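Contents: one structure, followed by commentary.
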């Protein structure tokens, strides 16, 4: 099968970056420093370098179908080492945002659901609260992982390290209006 | 006396309560005044960048603006919070358009951030602003013979590119030496622990935890000292899972560096939250 | 200059033969684009810059003057650019006295290797002067000069 | 009124593509008629012989008294058109070249705007040329001696070429011996000649050549003067050896009890004594005493060397000596430094013992090196079974040096071959791109491929010792993405060689400044023209050769050394040189004796006559910077070629168009 080069995807993605100028991923020389440094590379469908090449080549479907950017741990190891000064981590964030907005991600991914749940909590209360986060993603766990989580939670509870009620900030109204100046709230409200 | 604005971050409220209490105790002992920000909000950790970059900056900018009102530099004990604050401040300084947009939103809460507040991580604050000499002079119970692996993790250091020390910093080691402990040298001290992956890609995260524990234990560590609640939880809570997954036998206590400092400064264990950890540190500390 | 509505400032740039003129050459050979509002004069050294040149340029219709030379410590004539720097500060004070914004005169250091910097400085200076607006200073009788007054022979006499 | 001809060049499409050259010429003929323009033409290539003939013909037939050429930068073709004018009988300085290529067509994007600017530039040139006066170039004689600074292969080659041609050379070298980096190597790519075998004969020739005065352990401190007539002050550091008595027998360094780690020649891999020559074939053969490390100088006792020296050549009372030499030309060949691999902490250099640099490896496999040429691990006995060679360490990286260091791909291949041949170990080359241009290089790559070296395309991310399994225990682990497969690899190795970047000498900026030439932001010395004159500098009489100009291999270094010598010889043969007659002079009648100008000249060209209370400028010393001209409040100083009238006229010309436009329609 052959593909055609298109550059619209690359441009779409760069426009999602706060500073696309300072993050010139078309300048990537495919040296592989990022992927060599990445602690998660072994678990990714494509290495970060391959994702950059695919973005530059316009292979949108393959990129969206990959788990790579959801598996990125935001550790910035790639970013500080890239000889071309490309912020690969920021690109991964941009792909995550793109994926959520377009509602397109690899089947079975937990990352998107978790991110949304986490974000909704903050927007509602101003703070995070672990227990109410759990239900939104825990169903996608396999049985053993599920029990591991329950076990962890119980132990933490016994040590007094899990809160019972969600904390709230005081000026919540102002806070919500502040957020509305940044983005339309949509389903998060 | 040194004084800082203090942004504890969500985790320190409960999950990392011992980090919070030990921070307050050690600061008091060292004559550092920490003034908690009034009505701070969650900074969004890394997750918010997945949803909306601008919103992520705004959430952090709100805290920065509150800090700026105090006229003090702000310290954050959590590496993710620190990174968010550090770079939000930096980006807003570089990019007036971004600053304007964000300050427009902050108006709703009567706030404004002009970019003048300096952001420090708690570890930097103790290890660099207070300094090892000052700490050494206050130590009453040096942690002699305890071999501690200093764990920097990711976001204390990265993605700052402007200095070459991001690949081999030494200040955590210096701080441990100052309290009489023996810092061990191990290659993965700045390698990511996979904290943010435990939900989305569990097996990757577990293997990252395993590699870290393995490397520290191979180099003879009795325990690991962390400077971030995410790292602490990740390295500690998932040891069981790692052992199940890989057939290993890890039982490495993971303490906050502030707890170790507190011990050396003669603060009672209880006040430092020692005993709340899931992998008990008692066997190691008993030798003292 | 094609769009009548936008004010296009005219800038006279003084360059030093050894560094900034070469930086301009380098910008050219590297095809680095910059604002076309600047016209350059080659001097052997920034130290050659006589303040009357600047006043002459502004009087004859330039809206800004850019003075460029080697970085401090790198002057081809060892230290003459320091002298240019001192003169530059005096000149700005004089301009202020005459009621002209000192920001219409800019001093830039650019080495022979800094073609990109040169181009960037030109473009940003053009924007700065554009923001200040037209100067219209002393442009001869009834504000217009259509022919230079002195013929070469007159001037030499 | 002058009769001026204006010639607008198309430069193919270089100019004509962005500037309406015909319109410019027509405009000049019409609008500038009052200013003296009697003819204006455009032509495809002005610098071609036909273009030049066009000008010559107009001078002769129309009686032009001034010429303005609007074309490329004067730095390219000013001389061409001046010479053309001269051929036609016009004083060459009555020709003005204005740039509408570098300053207009190549940097702007709107044809109308560019055309208008070109017109302004032309009219500036016309006004300026009106005030130009005929000048005669200043003739100065060329001193036949040459100073060569730096005794690496570049300096050696240059010195020998000139000395063989029969002229005297002073060769100044900072270290105790000449030879430079090449002397440290075992074999040289691509032919694998033994470095010493090809270098030593040349070094010996330098040492014995009647025309070469070799000044090692010396440095140039100061340079005055100008082309043909430089005066250099050289510090000959105290050697504490009477060179007329010393036979180079070596007894002193054999007996000296003080061992010192040799960071220069042995790259820290070996030791030398406090009295030493860096290597056995050193030229000159006599040693130096390294004062800061000598026990006698530290504690006041020892003198073992003095006791045992059979010829009483040791002399602890020597002092540094300053000598001055007069030379006509100077060749700079001070070479390069290597990148400090500690700066890339993730490669473990300095922490992990078997991570070494390329220069250290050269010593390791040199038969005269610390292991007698055996490739061994740091324990001094184990042969490595697996060796990795990391490319681009500190090169091609925005954090360190953006440029490619040119030699290290080939050097990596050379190492692969040597490791293979001497240890039979598995060898891995980790590269981003294999760069093997030039004669015989790709063939060498083929040979190394045939030998079974592994080539992994990927920039190494890190080197550590954090074993994850049995195979990795006790090994260095290279973590890298094999980008051709798209998989992150961990490769356990015994030795890792870092191919460090070539960098400008740490003091290159000071050196450049001392000799009055410029260096790039990186620190490499800047050549006069990157393609057409890579050996000259902007300063007449000063040439550069070898790695001072930028990273290069030995063949290219030798070529440049020889080329620099040829340029100096050309000057020497000509015996004199014509200098631009741009000089300042004082009109004594106008000088008020205020003395404001007196301290302004860095070349001490300005002198004050107390008796007459007037200032005078010595034209031989004046370099024509014009600073005093600008400073004189009485307007008593003028500069030929850059008078106030000329510059003012040019300003008026440049702005003529604007004045026109201000006229209401």
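Letters A, B, C and D mark the chains in the order given here, with residues in each chain numbered from 1 onward.
The definition used in the following text is that contacts are C-beta pairs under 8 Å (C-beta built on N, C-alpha and C of every residue); 3 or more make two chains touch, one makes a residue touch a chain.
Everything quoted here is computed from the prediction, not taken from an experiment.
With steps allowed only between chains in touch, the distance from chain A over to chain C comes to 2. The distance from the centre of chain B to the centre of chain C, with each centre set as the mean of the Cα atoms, comes to 53 Å. Averaging Cα coordinates per chain places chain C and chain D 31 Å apart. Per-chain CA centroids place chain A at a distance of 22 Å from chain B. Centroid to centroid, with C-alpha atoms defining each point, chain A and chain D lie 50 Å apart. Residues of chain C in contact with at least two other chains: none. Chain A has residues 42, 85 in contact with two or more other chains. Counting only residues that touch two or more partner chains, chain B has 161, 167, 211. Every pair of chains in contact is given here: A-B, A-D, B-D, C-D.
Put simply, chain C touches chain D in their complex at residues 1-2, 10, 12, 18-19, 21-22, 24-25, 27-29, 31-34, 36, 39-45, 47-53, 56-57, 60-62, 70, 73-74, 76-80, 83-84, 87, 111-114, 119, 139-140, 143-148, 151-153, 155-156.
Interface residues of chain B, counted against chain A in their complex, comprise 10, 13-17, 39-42, 44-55, 57-59, 62, 91, 95, 98, 101-102, 104-110, 154-155, 157-161, 166-167, 191-192, 194-197, 199-205, 207-208, 211, 237-238, 240-241, 244, 276-278. Those residues of chain D that touch chain A in the complex are listed here as 346, 392, 396-399, 432, 457-462, 479-483, 486-488.
Across the complex, chain B is touched by residues 16-19, 39-40, 42-43, 67, 70-71, 73-77, 79-80, 85, 87, 89, 93-94, 96-97, 100, 109-112, 114-116, 118-119, 122, 126-130, 137, 141, 144-145, 148, 151-152, 155-156, 159-163, 167, 169-171, 174-175, 177-183 of chain A. Only residues 161, 164-165, 167-168, 186-188, 211, 214-215, 218 of chain B touch chain D when the two sit together in their complex.
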